[in-house]
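Two complexes follow with chain A in common, the first pairing it with chain B and the second with chain C.
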Partner chain A sequence: MTPQADSARVSFWTRLQAIDRRWIYLVLAAVVIVPLLFPFKIKPKATTPVQKLFNYIDTMPREKALVISIDYTPDTRAELQPMVVALLRHAFATRRPVGVLAMAVYGLGLGEEALSQVAAEFNAHATNHEDSIINGEDYVFWGWTTPPLTVMLGMGERITNVFPVDYYGARTESLPIMRDLRNYDDMGILVTVAASAMPRSWIVYAQVQFGVHLSCGITAVSAADFYPYVNSGQFTGMLAGMKGAAEYEELVTAKMNKEGLDWGLRNRGTEAMSSQTAAHLAIMAFIIIGNIGFFATRRRK
Partner chain B sequence: MQRRLPLMLVLVTGIFGAVAFFVPHGAVRSVDEVFRNDVQRILAAFSLVLGVGSIVQHHLTKIQRKASFWQYSWITLTALVLTAIVGVFGGIDPNRPGILPTHIGSFSFHIQTIFSNMMVPLAATMFSLLAFFMSSAAYRAFRARNVEATLLLAAAFILMLGAVPLGRAIHAELPSFAEWILAVPNTASKRGILFGVELGIFATSLKIVLGIERGWLGGGGGK
Partner chain C sequence: MHIATDPWVWIAAILTLAIFSFLYRENPFYRIAEHLYVGIANGYAITFYWHRILVPSLFDPVARSPHFITKVWLIALAIIGALYFTRFIPKISWLVRIPIAILLGYGCGASIPRAVEAELLRQLQATIITRAHFAHWDTAAWAIIILIGVITTVSYFFFSAERKGALKPISYVGIVFIMVGFGASFGYTVMARISLFIGRLQFLLGDWLGLIR
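Take a look at the complex of A and B:
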């Protein structure tokens, strides 16, 4: 190779190393937006922690409640809200009582959004009172109160003491669902959906003291922090990131189809997987190109 | 007295909180319940008043002094007052109206609408910026400079591929291998870190309860 060609190649890699970051932003925006508009078919297969949580909820006694704690804020809604929706669909499809509370004040709006969406999906196909999903009978939205320590310890004694009124202002004592949902003993499992260290507090204050079954739905970036608790059995399975949500959605869809509830509902987590796949591949390509440039320029030096 | 009283309160409540955790006697339980359900909630309510008071005072001062970007302080204060009024008096949604009308014709501004159409997109936008910064950082800084960095790079590749369904298409066992990395080497190191962190929390808590660590009293900390 001539020195000129060699020098041209070096300058190409050097220029590539110093590329304007706005090009990177543009490529990433494109790989996120295009698959959202034209998604490619992806069928996630459940990993062990997801399957474990699904199986537990699916086989727990009918009278035991699924309780979901909304411990995240709107910034992580895209990743975590599909988990809450899938969990609610699973519980309503198998006619289990549901309790929802918020540990973050922003969780109120997110909880209300998920509950009203899923209740409306089921009520749109209901033909009688038994088929319907009724607030106060099939589910209760306790709302938010603070501090978390008071909630976690107080719910072990009497939930109505911690939440005297629900989110909609009704006396919780007067709600039919609360007759059989007094404290942690009446819960099949409590799933904390969080983008913080809140699941750890649930272990310390709710599980260690009262022995409640726990699981968690968390952002992909914090999955590594909670694996020790999944391995120790303190969390019964785990939903990690959008992939975890998509896997759970697939399991719930299959279950609902089997039960004759084939309504063609949208699965937001699964829909976003093509975008996430493309974004991951793009980031990997960036790393590879960056490293090739790094080694090419280093060799010349 | 100004410093001694808070120290005494922390000593008594700190020791009682620990004792109540281990002693199941009825009297201890009922006092603990009063502390948790009543005293803590009253304190939390005060912190809300303090928080609102502090943000109002901060922005009013900024406006008075015409500090940099003082115009945005008006937006903060207006948003604070309006959402508080709508939230307290406007009900939850159109099906559960409050005493304040929250729609003008078909234009609705009840608290759930404000939350879903302003709070959610604003927060999501801020968080999604992270993806752009991360991509740029991955391109510029994620280099296989030495053995440790190469190992980190390899683990990151496997986890990124394992986190998307494409990983299974490349190799059927790739997602399982990614899960193994999280479940075994990651857990082992995390447990070590957690033990250290928990021991640190315990030691710091003990120092605060016993009045050795007094930084929380303000005035520069120390003894």
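Take a look at the complex of A and C:
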């Protein structure tokens, strides 16, 4: 190669190294938007931790409750809300009692929204009282209180002492569902859906002292931190990020279809997977090009 | 295409675009949205703390409890809690140490024994290879890799001896495990940030503009 050609090549890489970051934002925006408008088919296959949680909830005794702790705030809604929706659909489809609480005060609205949405989905197809999903009978939304340490230890004794009134202001002792949902002993599993270190607190305070079965749905950022707890069996499975949510959605959809509940419900996690895949490919390309540019310019120096 | 008619959706969409405008450069729209967010978030939290904590757990019991001793306890605890605000009065700011000390004592007492069990003993237990691991080749392989990873990584953080002899190659393997851990964390972080971006675009393109279902 001639020196001129070599110089031109290096100057291309040098220019690439100094590219305005806004061009990268623009490319990423395009890469995400196009598959949202024209999605390609992706069917997420359940990984072992996701399958494990699904199997546990699916096979736990009918009278045992699924309890979901909303430990996240609206900024991580995109990743975590689809998990809560999928978990609620699974519990209602298999007619298990559900309790929901919020450890994050900003998560209250998200919990209420998920419960109202999924209850409405089921009630839209209900033909009688037995088919319906009713607040206080099939589910309870305890709401929020603080501090978490007191809540976690108190729920091991009596939930109604920790939450004397539910989110809607009703006395929890008067709710039919609370007759068989007194403390951790009546829970099949407690799933903490979190964007913080709260799952660790659940292990330390609720599991060590009371032996409650735990699992977690967490943001992808914290997934690597929580794998050791899955490996040790302290968490029964785990949902990590939007991909974990999409995998669980697929399992629940297959289950509901099998049960004759084929309602064509929207799965926000699964819908996002084509954009997610395209964005990952773009970022991998950026990393490879960036590294080539780095080494090319370094060699020149 | 079915554009939203709900004014709240429009407000959320405009605020989302205002925050995104920071990607181009700092501007007044971004500033307005940022300040609005901080103000609303604080107002929301204060309202909930007032209605869900102070009223049912302090004001109501003090006003209605038939037991005098209960009222005294609650008022005394409220005064201790209020000592946090003495930080703003330099002359008596030392009083803030009282509630901090109580909280630290309670927190440490409740946490330490349980944390040792949950974070140390159970994690150590998980590194022990048992006969059950050899039921399948993959579980056996993962158990061995985890054991090697734990030992070599811990040896990298062993600062009491100079890193030479057998410790040198062992700690080098530890670095490899640490780097793999960093790589996994970085990959997950990328996935998380993209997911959040997708979530907002689902809202803008779907709930607001009606371009997607």
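Just so it is clear, the second predicted complex is superposed on the first by the 301 of 301 C-alpha atoms of A that agree within 3 Å, B and C clash if a C-alpha of one lies under 4 Å from a C-alpha of the other, contacts with A are read in each partner's own complex, and residues count from 1 in each chain.
Quick note on the criterion: a contact is a pair of C-beta atoms (placed from the backbone, for glycine too) under 8 Å apart; a residue touches a chain by one contact, two chains touch by 3 or more.
The structure presented is a predicted model; accordingly, all values stated were derived computationally and were not measured.
In the superposition on chain A, contact of A:G136 is made with neither chain B nor chain C. In the superposed model, A:E113 lies in contact with chain B only, and not with chain C.
Of the two partner chains, neither chain B nor chain C is touched by A:G156. In the superposition on chain A, A:G241 makes contact with both chain B and chain C. In the superposition on chain A, A:G290 contacts chain B only, with no contact to chain C.
With both structures placed on the common chain, the touch criterion links A:P228 to chain B and to chain C. By the touch criterion defined above, A:P148 lies against neither chain B nor chain C after alignment on the C-alpha atoms of chain A. Contacts of A:Y25 after superposition: both chain B and chain C are touched.
When the two complexes are laid over each other on chain A, chain A has residues 25, 28, 32, 75-78, 106, 145-146, 149, 153, 209, 220, 223-224, 228, 231, 241, 243, 276, 279-280, 283 in contact with both chain B and chain C. Residues 19, 21, 24-25, 27-29, 32, 42-45, 47-49, 73-78, 106, 109, 112-113, 116, 145-147, 149-150, 153-154, 157, 161-162, 167-169, 209, 220, 223-225, 227-228, 230-231, 241, 243, 273, 276-277, 279-284, 286-287, 289-291, 294 of chain A touch chain B in their complex. Residues 23-24, 41, 44-45, 48-49, 52-53, 56, 107, 110-111, 114-115, 117-119, 122-123, 125-126, 146, 181, 184-185, 188-192, 194-202, 205, 211-213 of chain C touch chain A in their complex. Of all the residues in chain A, the ones that touch chain C in their complex are 22, 25, 28, 32-33, 36-37, 75-79, 105-106, 108, 143-146, 149, 153, 164-165, 200, 203-205, 207-209, 219-224, 228, 231-234, 240-243, 266, 268, 271-272, 275-276, 279-280, 283.
Of all the residues in chain B, the ones that touch chain A in their complex are 21, 33, 36-37, 40-41, 44, 92-93, 96, 111-112, 115-116, 119-120, 122-124, 126-128, 131-132, 134-136, 138-140, 142-144, 153, 156-157, 160-161, 163-166, 168, 175, 179, 182-183, 186-187, 190-191, 194.
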